[in-house]
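In what comes next, chain A is part of two complexes: it sits with chain B in the first one and with chain C in the second one.
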Partner chain A sequence: MMKDMMSGFELYQPADVDDAIQLIDRYGNRGWKLAGGYDSLDWFKNRGKGPEAVIDLEGLDALKGIRETTDGVEIGALTTLTEVERSPLLRDRYGLLADAARRVASPQIRNAGTLGGNLSQDTRCWYYRYGVDCYRAGGNTCYAAAPEAMNREHALFGASRCVAVTPSDTAPALVALDAEMVVRNARGERVIPAADFFMEPSVDIQRMTVLDPDDLLTAIRLPASWAGADFYFEKVADRKSWDFALVSVAAAFRTSGAQIDEASIVCGAVQCIPRRLHDVEVLISGRTRNEETAALAGAEAIRGAEPLDYNHFKIPLMENLVKRAVRG
Partner chain B sequence: MADLLGKDYAPPDIYGKVTGRAKYAEDFRRDGMLFCRLLKSPMPHCRVRGVDATAALAMDGVVAILRADEVPEQAGPANNILTDEPHFVGEPILAVAAVTETIAQDAIDAIVLDLEPLPFCVDPLESLRPGGPNARTDGNTVVSGEVQERKWTEEDFAAAGEGQLPMGEPGTEWSYGDIDAGFAEASIILDETFVTAGTSHHSMEPRTAMAYWENGKCYLHASTQSQSFVHPGIAAYIGIEPEDLVYIAEYCGGGFGSKGGPYPLLSIPAHMSRKVQKPVLMRISRSEEYFLGSARPGFQGRIKMGFRDDGRITAIDVYIVQENGPNQGGGDMNAAASAISIVYTPLNMRYRGMSVLTNTPPRGAQRGPGQNQMATAVEPLLDKAAKQLGLDQVAIRHINAPTHESLYGSNRSGITSAYMREALEQGAERFGWEERRARSGERNGSKVRGVGVGQAFHSAGASGFDGLVVLTPEGKLNIHSGVGNLGTYSYSTTSRVAAEVLKCDWENCEIVRGDSSRGLPWTLGQFGSNTSFTMTRTNFAAANDAVRKLKEIAARRLGGSASDYDIGNETVFARGNPGRRLTYAQAAQAAIEIGGEYSGHEVPDDINALTRRAVAGLAGTGLIGVARDNLPQTGMVPALAAGFIEIELDMETGGIEILDYLGVADCGTVLHPQGLSTQIKGGGVMGFGMAISERHVYDRHWGLPAAVGFYQAKPLSYLDVPSEMDWHAVDEPDPNNPVGSKGIGEPVMGCSAAALLCAISDALGGHYFNRIPVMADMIINVASERSQSHGPLQVNTQ
Partner chain C sequence: MVGFVKSVRGGDGNDSPKLAPDVPPAAKRPQSVSAETSRYLFAVVRSRYTAYHASSASDGSRDVSEMDSSDSPGTTVAFATTHSSWSRRDFIKGVIASGVSVSGMSYFGAGCTTPLPAQTGGVERLLSLTVNGQVRRVDVLPGETLAMTLRYKLGLTGTKLGCDRGECGACTVLIDDVNYYSCSTLTHRVRDREITTVEGLESPDGTLHPVQQAFVDELGPQCGFCTSGQVMSAVALLRANPNPTRQEAREAMAGNLCRCGAYDHYLNGVMRAVSEA
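Let's turn to the complex of A and B:
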């Protein structure tokens, strides 16, 4: 149950990345990286997480901002969602990400919330957030998949002891754009494709990303391959603001006239990770972008969906959103 | 001449709110103050067999623990202060005081509870089944104010049929006319089962209290909508006489009914402070509000309505099962039935109700308690009937709307005024109803247009309370207000009546309020849409008492008789000789010198003890105007409202775009246009949330609440609604009010909720959900011809 009262912790506010990496390495899983705070502070207040040290990343200016590279664009992980939403560069070439960022939470939260934080946030399964001892919390049951559970927001695909879904609005966009995540730790830097960044519960049920406790997500790279493509982003939620997706779709298309040459389509909030619809992409490549192709895509998208007691509406919703994306 | 009424103005407390200088309960600090936090029940129903606080008490900075046996026991089913048998998740078991809040919470985390789980229930119908669980050990219903065990028979459940509400023996019932004859006269009859969800109050300011004791008196800063009305009840919770309580509640960050009356939680810091002999602050957090705040009762209901060919309702037979939380709860179902009697004026009617206990948050009044749930249930069914009869949605409402002669409730009492027909006519005209209705059903890709009209009601006024004003020797008019400051500014607007009667410059007036030690009269609480009616009367009465005294003082000092004098320009003057005059300042000085009733040393016999004490504290400070409102009241005061809406509904996503909304009020004479506009629009947004987004979800197996934060409970924000909405008032005076006013705060919510639901059903070509909230998933399921995930009678699912 919510306690709404933080425990004490050591607060570090490093001013450069090397210091931050050192602190992160020193504290490992006893430390916590704080960006915008909109996920972290809930955990702290609920005492669901009680780190010994909090490393506040706010002072790391090197991890902020959007810059062009030889092969696309690099966005510092601490860039605010408002900046992502408003960046002329992103709006011009990667409108998919800007559109997704604009649908995150509320204007106030976007002013403080960061792209890295939005990608790394924990799932919003209400049972898990409530503080029950479910698999994801280290226990031995899933409350949300139980016979009388309220699971309207939960997964259609990929359930593996846990039926929680990815809450991020920007994650599907980044997977669709074939983005890469730049991760640093004390041992060096590695680059992880967005598609491999998010963690399936079948691999590690207690994590939402591949980030280890001593890792720091420093930047997100958008390759030039999808720059300026035809994009479609749509998020359906109960409210227009300050809400998580019931289903979202992020899609990119390369077309020759009416023909689809290449497509990248990802759905959010239907699985624990952003769900890339490879089969749909293959199916529609070479076809004309019209209602008929949209219908085929929608039907293919939902194949294999396994609804829970309260979320079967997500099947037609997902089908409709994929149709709308393909329809354009 | 003051000429203040019907004008926009800046209420005096608005500057503090805008600049942040306004001090709410949690902004106060005292030397040596401790913080107190609550250990709350993790289970929906259990018994505390043991508490091991050894480790907690050993912590540095932990000062004391307060247990249930140290505070006044509340007779069941009243809400508890602390308890060893919690009846809902989050019910306070004990309190811990420490030097910081963090330490208090650390101590709570270190306390080991030994709890015995007890049976619990989150669905009233489950509890009514033979052998079903009881929310309390002493029963499962509240009948005539008492907890009783009531079960219906298997036959009752079997007789209902699939998806229809069973109707066993009710806890309460009334009727008028002959419903069988009424139904026999009907051309069409609808028999519909419905569910309305309970909703949390979402007050921006969580309930908070800070208490300390000085010279035998308890000083309490807290968050309540009302001021004087809550005073005796809070004193009782603390276990002291009202005169030993100084109650300070200058600002309230919203209550919506949940802080209208006294509530037991307020007394915890007072008890703790008495125990530790230090000031104690208890801040309740946002998420805690969702557990131990309160909620609107939900309904599982069934309504049978008979209509003539012209749409006139011949009979209504309604049965309401109320989800009432574990305690005394609310009177929503009775209010809902009474609302039916006046909004639809059925020729014959029967009401049956059963209030069933559940182990969910305590229920209490929320904006339009009962009336607004009823609006959401009945209004779409009017459209269903209109469709079958080939009538316009406005027309079917118009023919059933109340007139001044309509009668109210079970005892068929008269009413003071009703302008619902005018509200419908003027609203339809202003909204362009005909034109918009013609667009209904138009498709634009996946989007379809829908229109809706909704109505709602609340009884909106009372009488018999006290008013108190003081003219000071400095020439100021102090208007003492005991009503409270919910945030609607009606405390201020109704005070302007006193200035109007005394013809005072508003700049020369001060509203004295927010602190019982400043001498506040006994008035009704700030709830029930009553302030505009009730407190204009009390201020009118007190100001007229002051006018009488001014004239009498002038006669004493200047000769002649009181009837020779009049008032104007803050003077009392001889009518034939305006030069023979006293300024208000001189008259106030004279009142002090003359004494007796003029200076407040004598008071009328019929004023309340609380007012009497207030006047005693003010006696000798000026000319005291004090009076009980003995103006005639000839009937129930109806606040009526109609809402008109046009939406676009996306059949592929379930998304709803509100294109336009117009709220129309029958609130008597408009006192403060800007305030009224804000009520209509704000109530409108709250109603939209009630209709389509506000969630009250429970896991039935564990009895756990799912919606325990703003982002989970989902009240709408300004980004969900049009930035511009329209409003209108019929602006016809109520004959029972000296300035023509009556209240409006509650029905302006119900009418918007109803209108939106009607528009959704209209857009869906006549699909009626018989349920709120209508969430996106439900619309998607209808649009894609799927069944709903929830059963027709299931509660706490959306």
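Let's turn to the complex of A and C:
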């Protein structure tokens, strides 16, 4: 079913954010916002999506770059992952995000791929990507949870008809850093906490984020609260390069000596949204950062996991990653 | 549908004369190559042919005038037959010279010619690309990728298409000295940028780029299909970081697959290019 040719579309290359918003508003769900293109062009080539108009955001220089603000840092949504990875400011204060960006895909993809695109990309469930009429595609079956399904990449938590997981490496880092998403449309601007940005299938099964077709993600804000904290990021995938996570962990700690004052721990690729481990955070706050606390955190992290036929291995993987994060 | 079922049966040997009317006459079947495509194909073949004969000092002016008289859609065959003075060898040479365009047509005929809505403020199709230091004018569809433009419109087939999904790296080119997958870059995006393909690396006197020479010396290529992409990634690395460690080089080359598994050979090549540059 692989096809290499895209259906025809009208291409717009606005240079101004207001023009882009106007175009996005005009076309609504008949339009498509193109950032780095690695999710978009695959959809077009596979004939999975056939928009009437593509609005190329590449020319919107106002949405690029990393700026210091009074309360932290603001990253334009079109900043490339390479810039995020290499930014001295981010490496210095928000190393968690820089580390996560560094583990995305391959160098060429990071050179073109944007932070906003990495957050907004669609799920990689390969039944869904293949174009079957699953729940997420508007049908009435989940092929990935069927008795004969191959589902080693799929969810441990929060499945609701759909068992797909969040594919983004930067999303867990941003949720852990309590980031905020700045979203604009023709009616104005709104700011959404990262934790509320991602969409669970129980709320709306056909999309991965709260972004409406006429919305444009313009920036990601990192509050100063976690700047310069102790960070831990680890991603496990089948291959070291170019692969989506089987499980990833992004964690931030504030400590006094060996004691954990505050923690923020998020796992990727175990649920449809980045899974914030609130219970673990409460449990380990005030405890000493040692092997015992790590074991406690790991055991708590996997409580309630509901594996599918082929992803049991993700449970000890997740437990060990959380242990390693807490152990430091 | 009924006609379809009948004709399938007919194929199995239960054919009866009654089935014949269900099969559409050949003339009414959809053409696999549109009139527009064949006109374009004809124009390209003609220009290639003209260039070939002009350069081989044959009677080029006569060829051109004769071909002009046969300029109508679907006459690619006619133009071969009107030249009784052509030898079979000349004709084959002409086809080889135009081979790039012909192979391109099989791609573009498949879907890039989907009728587009009337232009309503989108991009202009005719654009100038700076490729390997030369400015090239080219007509580019809105959904055309750089790999397609380079290979099938500019004839730069050193850039390979492997997966066409940004997964293999064979199509890697430099855009302003940074490596990108050209299969996943819209050509309209790179209008004002400097594109470098593997054809643009060697110096005018034919001396290979140090990376190319090092890959030869270290026996990097086996089947060679990934090589131009590997070269471009290595060149991008050396332009950004002329003195990388082996580990840095390994990471920088991580976006190029080699199904022959010659990764260490390529890596040795990168390190040799570093030490010899």
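We adopt the following convention: the second predicted complex is superposed on the first by the 328 of 328 C-alpha atoms of A that agree within 3 Å, B and C clash if a C-alpha of one lies under 4 Å from a C-alpha of the other, contacts with A are read in each partner's own complex, and residues count from 1 in each chain.
One rule holds for everything that comes next: a contact is a pair of C-beta atoms (placed from the backbone, for glycine too) under 8 Å apart; a residue touches a chain by one contact, two chains touch by 3 or more.
Only a predicted model underlies this, so the values are computations on that prediction, with no experimental measurement involved.
Enquirer: So, A:T141: does it touch chain B (first), chain C (second), both, or neither?
Expert: The answer is neither, since A:T141 touches no partner chain.
Enquirer: On chain A, which partner touches more residues: chain B or chain C?
Expert: B
Enquirer: A:M6 contacts which: chain B (first), chain C (second), both, neither?
Expert: It touches chain B and chain C both.
Enquirer: Identify the partner contact of A:T69: answer first if only chain B is touched, second if only chain C is, both if each is, neither if none is.
Expert: Neither partner.
Enquirer: Regarding the shared-chain residue A:Q108, is it in contact with chain B (first), chain C (second), both, or neither?
Expert: A:Q108 contacts chain C only, not chain B.
Enquirer: Would you sort A:R152 into first (chain B), second (chain C), both or neither based on which partner it touches?
Expert: Touch partner of A:R152: chain B, not chain C.
Enquirer: For A:N290, select first, second, both or neither according to whether it touches chain B, chain C, the two together, or no partner.
Expert: In the superposition, A:N290 touches no partner, neither chain B nor chain C.
Enquirer: Tell me which partner A:D243 touches in the superposition: chain B (first), chain C (second), both or neither.
Expert: first
Enquirer: Quick one: is A:N311 in contact with chain B, with chain C, with both, or with neither? Answer first, second, both or neither.
Expert: Touch status of A:N311: first partner only.
Enquirer: In the superposed arrangement, does A:W126 touch chain B (first), chain C (second), both or neither?
Expert: first
Enquirer: Do any residues of chain A touch both chain B and chain C, and if so, which are they?
Expert: 3-8, 45, 106-107, 240-242
Enquirer: Enumerate the contact residues on chain C facing chain A in the complex.
Expert: Against chain A, the touching part of chain C is residues 107, 110-112, 114-117, 119-123, 141-143, 145, 164-167, 169, 172, 178-181, 184-186, 188-189, 233, 251-252, 254-255.
Enquirer: Show me the residue ranges of chain A that touch chain B in the complex, using the header's touch definition.
Expert: Chain A residues touching chain B: 1-8, 45-47, 106-107, 126-127, 130, 132, 143, 146-150, 152, 234, 236-244, 246, 309-314, 316-317, 320-321, 323-324.
Enquirer: So in the complex, which bits of chain A are touching chain C?
Expert: Of all residues in chain A, those touching chain C are 3-13, 34, 37-38, 41-42, 44-45, 52-54, 56, 58, 105-109, 111-112, 240-242.
Enquirer: Please output the residues of chain B touching chain A within their complex, sorted ascending.
Expert: Going through chain B, the ones touching chain A are 37, 40, 42, 89-90, 101-102, 104-106, 108-109, 285-288, 290-291, 446, 652-655, 693, 695, 697-702, 704, 706-712, 714, 716-717, 719-720, 775-778, 780-781, 783-784, 786, 789-790, 797-798.
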